[in-house]
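As C-alpha cells, the structure follows; a few thoughts come after it.
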C-alpha cells in the first residue's frame, strides 16, 4: 500500500483506571475511517507507547490492524534503547500486519551509529521504514546529510520530519535526495500547508479533528491551493492551541472523549492533566473556529 | 513609568558589513512610536545582545533612550555568565537611562542559586527587574515556586514568560503570588489572546508588525474581546510562521528591511540566513493575511 | 539473601559475530565465584542491556542464575522507557530467579513522577529494589530528598550511587534516612575506600580485577583500614585508567579476554573499540601495578 | 615565550566577604614561581572568571602580569556568550600583557560556527590562541576534525584537551595535524603521565600541589620515565580525590589557605562549600600520600 496523505497518529485510550480500552480504540479506528484519512499511525510518542508493556503494544497492533481491515495502511511506531530491541519490535509489528514502521533514533548523538541503527532495522523487515526525526522528544538531531544517505542507500524511503524550522530542512533533504525520499510533516499540523507546497507527501500528526487535515489535503491535491490555504488559516488558531507542548495529549484525549470516541481521557503518568481553565479555553476556541464537540465528522468546505 | 501593553523586543540592525547601524536603529524607534507601542525592549536574545561587544551594547542603549525621549519605557536586557557580570550590566543600563531591566538566569539549574542571582541583581539597581523565563534559549527552567518566592519577596515585580505550555504556568504563578507579579507574554505572540484573558499585563515579543499586537491589546483592554479574538485569529497564520525557531530573526529583519526601517537584514554569526524559498513564502503569507511590506504603519481594525 | 560487599556488574560476552556467548558467560560466573565476590549484577548499562533483545536478556538471566546456583545474590538491571515496561522486566527477572532488581529512572526530570515510577516497580515485585542513580548515563538527577523519601517509605532499601561528587551525596542521603538505606558505590571503584569509610554497604562496579575490590572490602571490614587504604592506593592508577568514559567497556572486555574468561572482546554498536596504543598502555599499566593478565585469580595481600 | 610544561590554572582568591583579594593573588604567583612552574593560567572556569565583573578581571590580569614580571608566561582565559565579547576580552588581555589566551567555544553546537568563532578571535590578537575543549563545563563538543582544521589553518597552535576519553582524542588530533598542534592536558592531572607519553607539551590544570606535577614533568622530559610513573602513581590517590566535580574548587582553595597562600577559601555563589567530613577526608589523604599542608614547596623526588 502506498503511503501518502493524512495519517493521524493515534492516542492510546485507557479506562479511568489506566487499563487499555479496546472498545474505545476500535471506535477511534471507525472514526478515522469515517473522517476519510489515508492511514493511521499507532504506538508513537503521542500514543504513549513508552508507557505500555510489550503485551499491551501487541494488543494495540492487533486491534487496529483487525479493525482497519486492510482499508488503509497502519503505521506502527518502533522505539527502543538499542538496535536489537528496535528490530524485535519492528519484526513483531510486521508479523502482526503493520504496513510500515516509523522508527526513533537511539542515543548517543553520532551520525555513523545512527546510520547503522536505521539500516539494521530496515534490513530486518520487509515493510518500509519511516525515519522519525523528532529532537524535542528523542533528544537526537538527524543531520540532513545523514537522512539523505539513508534514503539514497535505500534504507529510508520515508521520513516524518519534526525538527524545526522544519520547512528549510524539508527542502534541504529533498534537494539532497533528488526528491527520492517521501516526507511527512508533523508538529500538530502547524506547517501543513507549506509542507505540501514544498513537496511533502502528506502528514502524520495527532490533531483531533482529522477531517480538517483531510480537507486541506484534498483541496491542495485537487488543485485548489487557495481553498486549502483558506481552510488552513481558518483552523490555525485551534491547530496552534492544541499543539502546545506537554499538555497537547490532554487536549486531544479530551476532544476524543467529548466527540464520543473515548470513554475516558485518562493519561498514564508521567503526563500533564487538563485543568478547568484550559478545558474551557479549549472548548471556547473550538466553537470560535466553527467546530463542534460531537461524534459526527464535520463537513469541511 | 508603568509597564504594560505591547513592548516589542527589537532586533539590532547592522550594516551589510556587520557594523552597528545607528540610523536604522533610530528609524526603528520612530517606527515603534508610530505603531503606538507601550514600550520597547532592547538587547535581548532576539537583539543578538550576546553577539555584541560591551561598547556596542552601550551605544544601543544610548541611542534608544535618546530617541525614545522619555515617551515610552525602555527595557534593557541583562545576560551574563554570572551574577557580578549581570550586576555590572544592570547598573550600566540604569545609568544610561533604562526604565527596567529584564534579566536572564545563570547556570546551573539550582533553585536557591537562581533565587540569589535574581535577588542580587534586583538589589543592585533601583529600576524594576523583569525575570526572563525562556528555557529554549537559556537552558534553565524556573519553577513557578521560585518565581513566586522572588515576586513575594519583592525582587521580581514582573516576569516575561516563555516556558511552554505557557498558559498553565501563567495561571499557576499568578495563583502563587495572588496576582502580585506582572506577567508579560512572549513566544512571538502565539498565545497573546489567552495570556490577556488569563490576566497578563501585556506582551514583550518581536513580531515585526507591532501594530497588530497593539490593535489586539487596545481591543481587549477596551472591552471588545470578540474584536480582539478576530484580529488575533486573522493574523495567526503569520504570527505562527514568523515565530519559527532559528529562522525567526531572519524573517523579522527582512520585514523591517522591506518596510523601509532597516538598511540591511544582516545577522551576525552564528545565525540562520533567509533562503529564497522562505523569503517568497513569507511574503506571500504577509499578503494573504492582508498586510503590506510598506513603511507606513497599518491601520488594523 | 543479604546484599553487601563486592558485586561486580558484568559485561555481556558476545562472539566475534555479535551473538550472545553463553559459554563465556558461564566462565565469567565461575571466575567471579573464584574471586570471592559477594554477588553479581547483570544487565546494567555496562552489560549492554540496552543493546539486547528481550529474549537475549532472558537467556542471560537464566544462565547466570543457574550457574551461580544460589551461592551468591544475582542482581538484575531494569531499564525501560516507562513504568509499565520496567514492571514487565522486573517481574520477568523475579520469575527467573533474580535476588534483587536495580532500576533506572525514566524521563522527564520530575521528582514526583520519579517517586511514582520507583514506587510502582517496588510494589510490583517481592525482591528488593536498588535505585540506580547514574546521571551520566541516564540523563536524570535524583535529589537526595527524593531518594530519602523512597527509602523512608519502604520502596528503596538500597541505592547504587554514581552521581559525583558521590561522597557528599552518600553522607547526605544517609543523614536523611538515619542510615536506613543501604548504599553501594560504583564509578569504577574510584571512591571505594571513602565510600566504605562513610558507611557504604559495598560496591557494584565493573573493575575487571574483582579480587582487588574483594581484598579492599575484606581488609576494611576485618578492621584493617590501613591495609585497605594501601591496597586501594596501589591499584588506584589502574582503577582510574580503566574507568575512562566510553572506552571503559572495551578495556574490561579486553581484560576478561586476556584473562581467559571471554572468547571475544566484541562490543555491540554503538560502542568505542580499543585501539592499539590504548591496548598497550592498558597492559603496561596492569603490569606496573603488579597484576598479570592470566586466568588465575590473584592473591592480593 | 614558548608554551610548555606545567601551567597551573589558578583559583581566584576572595576575602571572606567575597571581594577580590590582591595580596593573596600575589602570594599565589610567588608560590607558583617557587614551585618551578612553566607558566600560569588565570581567569578560567576554575578561576571563577564567569563570576567576576569586567573590572575585576582586569585587576586580576594586571596583578598577575606584574607579579610574574615576565619570568613565566601568563595565559588568560576568554569566555563570552558570543564572538564580539570574546574578541573584546582577548584584546584587553593582550593589552594588559597576556602571553596567550585560552578561549572557550560558544553555543550552539555547530562545527562551522565554532570554526569561525575561534578564527575570528585568533585574527583579532597577536598572542597565540589555545582552544579550550571542555564539554563538561561548556556544553559544547569540539570534533577532532574541527580542531585539526583550526590548527592546520594556523588559528589554533595549542589546545587544552579535557574531553574524555582524552587520550584517544589527543592521539587522533595529533594524527590529523601531523603533530602541528601543541596539546596540553587538564582534568586535574588524572592522565598527565599518559598525555606526556602520547606527545603532550604539558599540562594546564588546578592541582594544588603544583610541585608534584613539576616533578613528573621534569622526570619525564629528563628521560626518567619510570621515575615519572612512580611519582605519578604515588600521588594518584590525591589527584583523583581532589578532582571531584563541583567540590574540587573548594578542595583547592582550602589547600591554598592551609598552605598559607590564601587568606580565605571563600567561593562566590553558585558553588559547593567544603563540609567537615570532606575536609578531614582530604587532609588525611594528603598526609597519606606524604604531603604536608605547609607554606613551603615540597621537594618531590
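By letter and in written order, the chains are A, B, C and D; residue numbering begins at 1 in each of them.
The working rule: a contact is a pair of C-beta atoms (placed from the backbone, for glycine too) under 8 Å apart; a residue touches a chain by one contact, two chains touch by 3 or more.
Everything quoted here is computed from the prediction, not taken from an experiment.
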Return the chains common to the contact lists of chain A and chain D.
B, C
On a C-alpha centroid basis, what's the spacing between chain C and chain D, in Å?
33
How far is the middle of chain B from the middle of chain D, if each middle is the mean of its Cα atoms, in Å?
39
Whole-Å distance, C-alpha centre of chain B to that of chain C, is 50
Scan chain D for residues touching two or more other chains and write them down.
none
Which two-chain combinations touch?
A-B, A-C, B-D, C-D
For the complex, give me every residue of chain D touching chain B.
48, 50-56, 79-85, 87-88, 106, 108, 110, 113, 116-117, 139, 268-270
Given the complex, residues on chain B that touch chain A span 164-168, 171, 190-191, 194, 197-198, 229, 232-233, 236-237, 240-241, 244-247, 272, 275, 277-278, 281, 288-289
